[in-house]
Amino acid sequence: MKPIYSSAKEAVADIQDGATIMVGGFGLVGIPEQLILALVEKGVKDLTVISNNCGVDEWGLGLLLKDKQIKKMIGSYVGENKEFERQVLSGEIEVELTPQGTLAEKIRAGGAGIPAFFTPAGVGTTVAEGKEIREFYGKDYVLEEALRADFSLIRAAKADKFGNLIYNKTAQNFNPMMATAGAVTIAEVEEIVETGDLDPQTIHTPSIYVQGLLQADQEKRIERLTTR
Amino acid sequence: MGKVNYRERIARRAEKEINDGDYVNLGIGMPTLVANYISEDKTVVLQSENGLLGIGPYPTEDEVDPDLINAGKETVTSIPGSAYFTSAESFAMIRGGHVDVAILGAMEVSEKGDLANWMIPGKMIKGMGGAMDLVHGAKKIIVIMDHVARDGSAKIKKECELPLTGKQVVHKIITERAAIDITPDGLELREVFEGFTIQDVIDSTEAPLIVKNVIENVK
Amino acid sequence: MGKVNYRERIARRAEKEINDGDYVNLGIGMPTLVANYISEDKTVVLQSENGLLGIGPYPTEDEVDPDLINAGKETVTSIPGSAYFTSAESFAMIRGGHVDVAILGAMEVSEKGDLANWMIPGKMIKGMGGAMDLVHGAKKIIVIMDHVARDGSAKIKKECELPLTGKQVVHKIITERAAIDITPDGLELREVFEGFTIQDVIDSTEAPLIVKNVIENVK
Amino acid sequence: MKPIYSSAKEAVADIQDGATIMVGGFGLVGIPEQLILALVEKGVKDLTVISNNCGVDEWGLGLLLKDKQIKKMIGSYVGENKEFERQVLSGEIEVELTPQGTLAEKIRAGGAGIPAFFTPAGVGTTVAEGKEIREFYGKDYVLEEALRADFSLIRAAKADKFGNLIYNKTAQNFNPMMATAGAVTIAEVEEIVETGDLDPQTIHTPSIYVQGLLQADQEKRIERLTTR
């Protein structure tokens, strides 16, 4: 029922210069690897990217950074990416650092028709500067507005042809909220199964949020291999 | 006692702040070490803000799953009774006051419990990650860190100079030298660790310390 | 044409507002009937605000599961490709603009598209249920109802007299007599159904109607 | 790891007169049957009850209504309960009717540390009276505050001993949010399994939200038996 793209190139064909895109993943886990590579190849520029991290220097969103395709980055953590830190400190890239929970909630709110909400995170810090502060039950909270995107590029383990998605372990992270907050959500999945093959009680992302599917093998690079 | 052993001592002391049945979030770096010292008498469930409740030990080489990491991006395992969820759910848990203890690292802590641990203007930007949410959500916020910076300057200050992570959020500081509570009256020195004197701690702390009932020579 | 057939005609006409691939929420009562007339050429997924995407037909007696109901509390089944979720997720879906069409009943509709369908002060309180969320969330809001009340009074009014469910939210009204669009200029009569004349519809509608391109004798 | 009560009576022992309780379920589906019966038996009074519906005349929360144990009801739909409608119209009970999506979100917010949020539902109606209205992107929204409770009484299909929960089909409904918003959450479950027996990818309510478990058989009365 949902379009299945024949290539990553086809999947990102409608993404134009200046687009706002959400990209799923935490570190390199759960990132839509092939969709990102397709954006690099397409050379689309002036992107506003909403993603918790910005990849590493040679993989994931780090590739878009290196090519200076990102105008503005909204995320919570840049620690692992030297080129990102360099572009931020030199002012080459605009960055909006957002507490991770606030980022997750802003994206959820965007997908859920909630334009703004109060949260304690960031009160008394630079994050709350210029924003409304209000007291509830004797504690201060800051008003944060929702985020939406033109496109959400996400990664799941399995999809059925309706577009229902199941994620693997901690590869879930930001993907389900981003699926809800993109005007167009494209899911890169490891496997597409027949409609009806997924248990409806275990669906993480219901099909209503998904506009297109791409089956693609994943490298799943490991950032910090740590063993016993 | 070398640096490595200091880290172990800090982690062992921090472990005492965790009760049986607690749900605990351990920050990146030294806080992660605390997991190694959790008493077998306690059932403790570790929360990872990237969407896992029930972090297990590091995997054997055969067990490594690239889709299973902790918030420090290290490959981990999960325990029986664990659950996976979204980042929104993870921070609902954190912000909603369901996590009993969060143990975090710090660059600076003020006598009021202000915490700075996410950037040095013009020099280093790591991002706040989940720290700004954690400091407002977990019921008890423990900071563990070196007592002084590499250049010997105090990290426990009257006021933080670095951009804050949160205001009046820290409940306890544990370093290689001391355990200090943040109270409404200021910093109260509770324990001084073996190898240091009360005076050592006072001298290496910029903020004034309340010294009333101090246990000394704690191992 | 009896009342029952009117209901069927309304449901059949409402079905035409649904496109292939649409996600649709059907309100309690007459709107639920629309499900029976969805063309086999269309893949349509029905959303139930109590936490189901993909309502199937009513169960056979053997299939009845007391844990599986629609928002009208009727036992139902689910289709292949369905998903279950929480009420919060269900309304995230609704409020977030992901549902293509909602078909609701009404006590009154105003010429501006105001809708009243949840209470009669001092007489009847049903509660708004999910209607107040639906009218702001679904991309297209269709009201289906009897053209006039049991006492013959108009239900399509200049202003609603009953407490509102939502202001300026309805896009189209379908009754046994007519199909009417709510436009920025007012109510525009689009179709008059077999057995009624344009004048019949004008006479039984309190609000003025724009009569430009009307298709008459629609079956 | 979580206490397993030996009876419903023991499970509700700490609930006192004047308590605010959330009770899961939609209609009669997913209600904690035995916990409600125990409240009836206990005779606890002046309750503020937060629940989407209020049962039917002879079952579920309707039993508490009949005994006049409820001082105030916060819910979205009372249509199926004649005694409720009578008490509301006669002013014997205080009622706060809330749009269903707003109710779900207020409870989620309560559990998630969000004190208030903006929503479009109810704008221009009596629901928004006395509340702040603010425009975002050219549309009006109303500010709604979070709900929390002293106790949340919920129903699940399965629990493990850690307190992880899985719900059955549409018996999920309000239960997962309520689990997060109770200072004490007591889950009545059809089955308790060993810790580790539930797939961690299919958990609906993680154990952190649950303070106690009761295993109890369910009547699962059907409000509207409808067959093909």
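Note that the chains take the letters A, B, C and D in the order they are written out, and that residue 1 is the start of every chain.
Keep in mind that, in the parts below, a residue touches a chain if its C-beta (ideal position, glycine included) is under 8 Å from a C-beta of that chain, and two chains touch if they have at least 3 such contacts.
Remember, predicted model here, so these are calculated numbers, not experimental data.
> Considering only chains that satisfy the touch condition with chain C, which of them also satisfy it with chain D?
Shared contacts of chain C and chain D: A.
> If you take the mean of the Cα atoms for each chain, which one ends up farthest from chain D?
B
> Which chain pair is joined by more contacting C-beta pairs, B-D or A-B?
Pair with the higher count of C-beta contacts: A-B.
> Can you check how far apart chain A and chain B are, centre to centre, with Cα atoms defining each centre and the answer in Å?
Result: the chain centres lie 28 Å from each other.
> Can you give the whole-Å distance between the Cα centres of chain B and chain D?
Going by mean C-alpha positions, chain B sits 36 Å from chain D.
> Rounded to the nearest whole Å, what is the centre-to-centre distance of chain B and chain C, using the mean of the C-alpha atoms as each centre?
55
> Chain A to chain D: how many Å between their CA centres?
33
> At least two partner chains per residue is the criterion; list those residues in chain B.
Residues 78, 84-85, 91-92, 94-95, 136-137.
> Going through chain D residue by residue, note those that touch at least 2 other chains and give them in order.
In chain D, the residues touching two or more other chains are 105, 108, 112-114, 119-120, 167-169, 200-201.
> Considering only which chains touch which, how would you classify the arrangement: line, ring, star, complete or other?
Drawn as a graph, the chains match no named shape, so other.
> Could you list each pair of chains that touch one another?
Result for touching pairs of chains: A-B, A-C, A-D, B-D, C-D.
> If we count contacts the way the header does, which residues on chain A are in touch with chain B in the complex?
The contact residues of chain A facing chain B are 26-30, 52, 75-80, 85, 88-89, 97, 99-105, 107-108, 119-127, 157, 167-177, 204, 220-228.
> Tell me, which parts of chain D touch chain A in their complex?
Per the stated touch rule, the residues are 105, 109, 112-120, 134, 136-137, 139, 141, 145, 166-169, 199-202.
> Considering the complex alone, what residue numbers of chain C touch chain D?
Against chain D, chain C makes touches at 48-52, 57-61, 64-69, 71-76, 78, 84-88, 90-92, 94-95, 114, 122-133, 136-137, 163-168.
> Which of the residues in chain C come into contact with chain A in the complex?
21, 23, 43, 45, 47, 53-54, 78, 80-85, 89, 91-99, 136-137
> In the complex, go through chain A and note every residue touching chain C.
Touching chain C from chain A are residues 1, 108, 110-114, 160-162, 164, 180, 195-196, 200-201, 203, 206-209.
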